[in-house]
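Once you scroll down, you'll see the structures, which are given as structure tokens.
There are two complexes below, and they share chain A, which is joined by chain B in the first and by chain C in the second.
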Partner chain A sequence: MTDSVAQLPQNVPSLSVARPNPVVSNGPVQWIRENLFSSWLNTAITLFIFYLLAQALPIALDWAILSATFSGADRDACTGGGACWLALTNRFSFLVYGFYPEGDRWRVDLAFVLGVAVFPLLFSRRIPKKYVVVYIGLLPLALWLVLNGGFGLPTVESHRFGGFMLTFYLAAISMCLSLPVAILLALGRQSKLPIIRWLATGYIEFIRSVPIITFLFMASLMAQLFLPAGVEVDQLFRVIAVMVFVSAVYKAEIIRGGIQGIPAGQVEAAKALGVGYWRTMAYIILPQALRNTVPALINNFIGVVKETSLVMIVGLLDLTGLAMATLESQEWVGLDLEVFIGISVIFFTINMVISRYGIFLERNIARMRN
Partner chain B sequence: MFEAQNNDSIIKIRNLNKWYEAFHVLRGIDLDVANGEKIVICGPSGSGKSTLIRTINHLEEFQEGNLTVDGIEMDENLKNIDAIRQEVGMVFQSFNLFPHMSVLDNCTFAQRHVRGRPKAEAEAIAMDLLERVKIPHQAHKYPGQLSGGQQQRVAIARALCMNPKIMLFDEPTSALDPEMIAEVLDVMVELAEGGMTMLCVTHEMGFARKVADRVIFMDEGVIVEENDPETFFNNPQHERSKMFLSQILGH
Partner chain C sequence: MSALYNERFRAYFIQAFALVAVIALFVALGHNAAVKLEQNGIASGFGFLNDTAGYQISMALIDYSASDTHWDAYLVGLLNTLLIAVLTIISATSVGLLVALGRLSSNWVLSRLCYCFLEYFRNVPILVHLFIIYGIVLILPPVRKSWTLFDSFYLSNRGFVMPKPGMETGFSFVILTFVAGIALAYLLARRSKETFNREGKRTSFLSVKILGLVLLPATVVFFALGAPLSWSIPVLKGFNLRGGLTLSPEFCALWLAGTIYYGAHISEVIRSGILAVSKGQREASIALGVSPIRTMMQVILPQAMRIIVPPMANYYVNITKNSALGIAIGYPDLMATTGGTSLNLTGQAIECLVMVMATYCFFNLLTALLMNYYNKKVSLVRN
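Up next, the complex of A and B:
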């Protein structure tokens, strides 16, 4: 490389010889010694924890798998003394598809495929980001058409939605739609135009001061009072609107923090080049602000996935709601442990994927910085 | 204070006044810059020198006076501000490259989005200018991977990509390690020799002697003295200029 104007001549002798780092540590034995048995106290703690695991793991394993019952006609088949997973396995399709008409369940499967396809797109380095953004932007509409009907597909009424598909539907749509709303709110709150700033600030302050449950109740019970007679807005639609417009407020504050963290010089450089406000925001400020807020935004997305369970209280039966209903049925009453473990595993899996995506993003960003 | 220039002045500033809240930062500035002229502005910190050049592309607003750039009157009309900004390039003390874009994208972004040039044309222009600032090999790196001197040269190339008629430099070497100052000044000297109209806020007196047509000394928001560099450095007229020069050249 000869790109520096003021460069040393090539033949200046080096002052010293570089040596390799003398501390070399690798291999599992080395790792175990350094991390588990580095001192008397650490050795004692390690051995104590191993002892506890040795006591607990066989019992848990026996209950959950070895003595458990996975198949059978009804509860009487649970004779092993371990977990009775029948409440989940026998009602599997009910928990997944809710009350969706059986002949149309391929539409739910298609919706799952459309939703899950986001992840390979997000993880890919080859596909241009533009297409990923367009895909995610169109996803809510696609899900709505596939699941609710339209373009030749028969309409399925939203009260038939339930179980995992409802959880998925609510989470996917509110994640996709709340981010753009949040960006507009964050920009509005930073706007130089007082009226826009006041509106955005007032909206954010009001919404985040009131529990989301309140808005869910209002949307499901009171909205009808304010609409003209004869006009009816779908219950599910109202609930989705609440989730989008409430969760957007928290994201807006996260994004605003990210925008404020960008040095003023970035906006000045863009201005000096003659770049207008919207392009400066879209291409210069927001990409940096969103990158800096990845951990907080991922945290919020995970929160939104879990918040979908709140729709239960306005009568929509998501995965948690159907599970509770299962436990109330005569046949499966008392199997709380098994059912809630099952639901926890499902939520854990979803949120784990989101969390891993966050870590992947952070690593990518760190790589780009160096 | 100033000598009235002929009518081909590209920048005309008349009785410019600016306040930050109660602080009167620019006090009745009059300045004409001829096409192709190189001006070095110096002065103690807080004298308003950066503020003055930042008003020229409306990074700072002013409350009183007139400012005309290339025949366009600076007012609150956004169209005029945009039109002026397209004629004026700026280089900042802290480089202000876009860290999430490669060097090449930094140079093509405004060309494509403001000038509306097609990608291939914008990239050809960018590569040509990166060649001129002697860093074509770094085009696909990110700013964070470059040294300060290299980043500042990219920043100069980025501004030049827009084909500005005027270049503003706001202490372009103040944030650099000493061994990198020369490589940036070399590029600026070359640019000056090419005939660009330049206003530089800098304390690099060697650079001022070499390229400046005029040195302007500011203090407390006023142009205290303006002169050709030889007279200014060898025979400063004003007590304040003398003191300032003795401070920066004294040791």
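Up next, the complex of A and C:
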């Protein structure tokens, strides 16, 4: 070895000669050059986008804010030539609380707080997870008691539910109630018992391939046909039932993925130790599978929130339905664009916050694992 | 008693119980329905399909009038559903691919812009998109003052009107030449690919094949037969446009809403698929001197397809289902004809909804079969 080193040719330039450092600059000019004008194509794209924005933004800004009307007694106040936001601003509390009695609106606020509290609970590490599960399990009951009445609170009929409050109520209740159904379906689809597996698979595939609107129509128009004589179920319940049993299918597929992600050795170890099927699932598999699927379930929740808008087609007055009803009134007719852009901003904000939270939680879970 | 602790016995017992419970549920529901139907004097069965429908449908791809049967109405609805589904699938996939590439672009403005659009379009319910677009269509100028391009394309609050091609005798020969050209080009491409795999020599080129085998013969035949194609160009007459092909506002709104909403979702699927292809593949390809575009088309995308296709198939099924949303603005799809007007007129609620559901199930199964076939074809062969 030493020989070969000694035989190195002498004319190789020495590595120890210092060469100048490569020019690295990371000022704003360099950033702009790299990210906006790195090639002629990039330059063209950048300039084209700037041109489009310069054309569109002033018009949009002028319409939506500068020449828009935000306050006024009635529609005659809209004289600016821009957007007329009065249909939203003047009816804001109506869009949030629907037809809920004025004096009882604190109950809706309380329900909002109860629902939103799930998110910090999911994140908290100090609170044992079983309490979180119990909380989610009891949430539909709590929302029902607070909003519908009972235990001393005066009853509010469900046909007075409307607006954002109804959207929230539908999303929260169907999310919580569909989880246990979804878990059973996921277990059924993985079951070793063929009939159980076929039933679960058939149910999942059937529901997945038919539009939810079809089921909503069935629930609102045909439920009487299938129920025994004399039995009547409130329309809100029928719609919630449809949302629960339909969205459970999508959650079941997510949870199935989570269960399949758990190494098979865990089930085998539990079986070797003599732990029964239900205990294995409840104490070993599901806690891990559910924790891993929380981000995906939060994404699914965004889907549920968006799906609630479909109930307007069968005549429930959720946020979208109430917006539609607003446009049908003489005073606000023709303001479709303003009203629905306003509604879209509300949905966007809510879903964006939830999805950011999901990403945050996902990173947190990944960090915990490492 | 010990039988309860026997695992095999318990398995049989649980399955039998589940089966009996499900059957009992269906029997109970069926019994209730039968009793109610008898009370209301509605005869069940699909005989009503031969009765006269008696209602107009605003958009029909086949000849249809109110004197046709409910079965014809079903076909009209089915075709409308398929039309909007196929068009939305094509446009949403294109938009999704463009937005995904834009998001991955090194151009900061482009990628941010794509991101903003994407987040807005996928976080708002498609129904709200639908109403916003419908709202925009409604504030467009009336027909008389419609925006026009070359005096043949018109955009107004009545929809979009464009020239309509009319095939005359002999045009089928052009189509035949065209299809034969594609088939020939496909066979040649397969053979040249085999040669390429065996010998590493390129024997034919795609651009040559498209020009020489598909476009050129079709054009020659087209003109040899005296251009057997007539255009019906819309003309403004009085308060209305005559002639041309009209895309109704409902159709445009549904198509556009589906395109942006599912385009946004699909772009995320494509982007995550592209990002899942290991970075080394791209670097190796660039290091070998392959151009960035060919790297994307021939190295990255084929590998990304394996990850992209299963969720994409899911979105395609969803797009097909979502034509049912047209009922909110009055697009006459399957759900609006058979599941809506026919149902209300005949009272045959169960039969109508069974038909609607069975149709949707059929297309879902078809997609699933195609996907399984594709998955088998592209999945990695592990030796």
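Note that the second predicted complex is superposed on the first by the 292 of 370 C-alpha atoms of A that agree within 3 Å, B and C clash if a C-alpha of one lies under 4 Å from a C-alpha of the other, contacts with A are read in each partner's own complex, and residues count from 1 in each chain.
Methods note: contacts are C-beta pairs under 8 Å (C-beta built on N, C-alpha and C of every residue); 3 or more make two chains touch, one makes a residue touch a chain.
Note that the coordinates shown come from a computational prediction; the quantities given were computed from them, not determined experimentally.
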| item | value |
| --- | --- |
| Touch count on chain A, higher of chain B and chain C | C |
| Partner chain in contact with A:Pro211 - chain B first, chain C second, else both or neither | second |
| Contacts of A:Ala54 with chain B and chain C, given as first, second, both or neither | neither |
| Which superposed partner A:Ala366 touches (first chain B, second chain C, both, neither) | neither |
| Chain B versus chain C as contact partner of A:Met352, first or second or both or neither | second |
| Sites on chain A touched by chain C in the complex | 34-36, 38, 42, 45-46, 49-50, 192-196, 199, 205-206, 208-214, 217-218, 221-222, 224-229, 302, 306-307, 309-310, 312-313, 320, 323-324, 334, 336-337, 340-341, 343-344, 347-348, 351-352, 355 |
| For the chain C and chain A complex, residues of the former touching the latter | 11, 14-16, 18-19, 22, 29, 32-33, 35-37, 105-110, 113, 119-120, 123-129, 131-132, 134-136, 138-139, 317, 321-322, 324-325, 327-328, 335, 339, 349-350, 353, 356-357, 360-361, 363-365, 368 |
| Parts of chain B lying in touch with chain A, wherever the complex brings them together | 57-59, 82, 85-86, 88-90, 92, 94-100, 109-110, 113-114, 134-138, 142, 144-145, 147, 149-150, 155, 158-159, 162, 179-180, 182-183, 186-187 |
| Complex interface listing, chain A residues touching chain B | 1, 3-6, 263, 265-266, 268-276, 279, 283-284, 287-288, 291, 368-370 |
